[in-house]
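Next up, some structures in structure tokens.
What follows is a pair of complexes built around subunit A, which joins subunit B in one and subunit C in the other.
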Partner chain A sequence: MQLNALCLPATLASLDEIACYVLDLAGQAGLPDEPSYRLRLAADELATNVVMHGYRESPGELRIVGGMDEDTVWIRMEDDAPRFDPGANRVPPQTQLPLAQRTIGGLGIHLALTSLDDFSHSYADDHNSSTLVIRRHDHDDRPDDRCGDDPTPK
Partner chain B sequence: MMHEVAVRSSDQDGVTVVELEGEITSVTSAALQERILPLIGRSRTTLIDLSQVPYISSAGLRTLLLVHRRALREQTRTILVGLSEEVRFVMSSTGFLGFFDIRDKAACDPGALRE
Partner chain C sequence: MPFSVSVTTSADTATIELSGELDAASAPAFHDTIEKAAAAGVGHVAIKAHHLTYMASAGLRSLVFARQKMGEDVRITVAGATAPVARTIRQAGFDRSVTLVDE
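Showing the complex of A and B:
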């Protein structure tokens, strides 16, 4: 099953519409709040990256389609910006540095890829195509390997 | 969805309490920064209440980083309360959590925080 595709101008103003689309899909799939949040966050961060760094705020198009199968909920995002594979450009946060000394760039891609259960990217015919995947089940037995620091409050 | 984060601030017992309401995104973060940064340093302690912030992206982390830097410069402390599990996840997976004083809202009385 898949939703109707969205074709939007690549602007920050489109991000709300993308969020609504993703949350609608997550709702139809019956995803709990936590994985719904992760899917929305990943779509938000990757779309923002395309707008800000892919098209560099010049006019362009973002095409989004989402759907679900028995095991997964997925979003496919396409753009015509220069080739960019988020997975190959992932920079881990500089957790060894005090916060005040860190550069902020790259956190969005790290967050997006950390949030997803699976991610793939391809480039063909001058289009970037990214597929974002969240599993519909087994959220309780996910390995707790995504934390960058001690979650215990000071 | 709301297109800006509402900022309400008050000074209580020598503590500046800043309540935020709304989603902190790449759309809303610039206006939020303009409003929240001047509040840092007004008192020795700033208590930021995030209990009405249901969503934060990396743009929100950038805002928190600027708050942290301003607080260091002003030699004041910043306490965050009311973090949802999702906001904790975003802060934790980027190594932000350990750099903030994070407390339970219910147990955080501004009067008791005064130095």
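Showing the complex of A and C:
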């Protein structure tokens, strides 16, 4: 099952609509609140990253489509910004350092990727395509500090 | 739910009340408020998050800014964070520098 695709201007003003789309999909899939929140957080962070760092706030387009199968709920996000693989460029935050000594970059990608059960990225025909996946079932209590988890393919 | 932020300063504490959804689009308002609290020179920033239903990394960045601007001697607390907001704070390892309190 797949929802109608969404095509939005790549601006921060589109984040609300993306959230509504993702939460609607999560609701249709019957996802509990906790994994729904994680899917929304991941989509929000990755979309924000495309707007701020991919297109660098210049005009562009974000295309989003979501769907579900028996085991997973997924979102595919496409953009025409320069090639960028969030998984390959992930810099884990320095969680052991006090905030006063931290550098800020990379936090959004870290949150996105540690919120998902699976993530993949491809680049073809000048498009980035990221696929965000959450399992529909077997939502065990996840540890609060998931800094060591990495859903990106090895 | 739209984001809103308010601040009241009394004695040595700046109390910042957050509600709604804090994402990259709404974070500048929070950041401005943190700046005001920093300028007030208080010893405690008390963030009330009981009605904060969502927080993205943009909100966390304002907490980093607060800590870096105010220094380690200023106490920063986040009270009443909902489970997902508290989890996001822990996920980023911020609970070592910002105190999460249930109240």
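Here is the rule we go by: the second predicted complex is superposed on the first by the 141 of 154 C-alpha atoms of A that agree within 3 Å, B and C clash if a C-alpha of one lies under 4 Å from a C-alpha of the other, contacts with A are read in each partner's own complex, and residues count from 1 in each chain.
By our rule, contacts are C-beta pairs under 8 Å (C-beta built on N, C-alpha and C of every residue); 3 or more make two chains touch, one makes a residue touch a chain.
Bear in mind the structure is a predicted one, so any value in this text is a computation, not a measurement.
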{"item": "Superposition on subunit A - do subunit B and subunit C clash or fit", "value": "clash"}
{"item": "Touched partner set for A:P59, first subunit B, second subunit C, both or neither", "value": "neither"}
{"item": "First (subunit B), second (subunit C), both or neither touched by A:P98", "value": "both"}
{"item": "First (subunit B), second (subunit C), both or neither touched by A:C20", "value": "first"}
{"item": "Partner chain in contact with A:L111 - subunit B first, subunit C second, else both or neither", "value": "both"}
{"item": "Those residues of subunit A which subunit B touches in one complex and subunit C touches in the other", "value": "12-13, 15-16, 19, 33-34, 37, 40-41, 44-45, 48, 52, 93-95, 98-100, 102, 104, 107-108, 110-111, 114-115, 146-147"}
{"item": "Residue ranges of subunit A in contact with subunit B within the complex", "value": "12-13, 15-16, 19-20, 33-34, 37-38, 40-41, 44-45, 48, 52, 93-95, 98-100, 102, 104, 107-108, 110-111, 114-115, 146-151, 153-154"}
{"item": "Residue numbers on subunit B that touch subunit A, as the complex places them", "value": "1, 3, 25-27, 55, 57-59, 61-62, 65, 68-69, 72, 85-86, 88-90, 92-103"}
{"item": "Subunit C - residues contacting subunit A, complex", "value": "21, 23-25, 54, 56-58, 60-61, 63-64, 67-68, 71-72, 83-84, 86-88, 90-94, 96-98"}
{"item": "Residues on subunit A engaged by subunit C in the complex (per definition of touch)", "value": "12-13, 15-16, 19, 33-34, 37, 40-41, 44-45, 48, 51-52, 93-96, 98-100, 102, 104, 107-108, 110-111, 114-115, 144-147"}
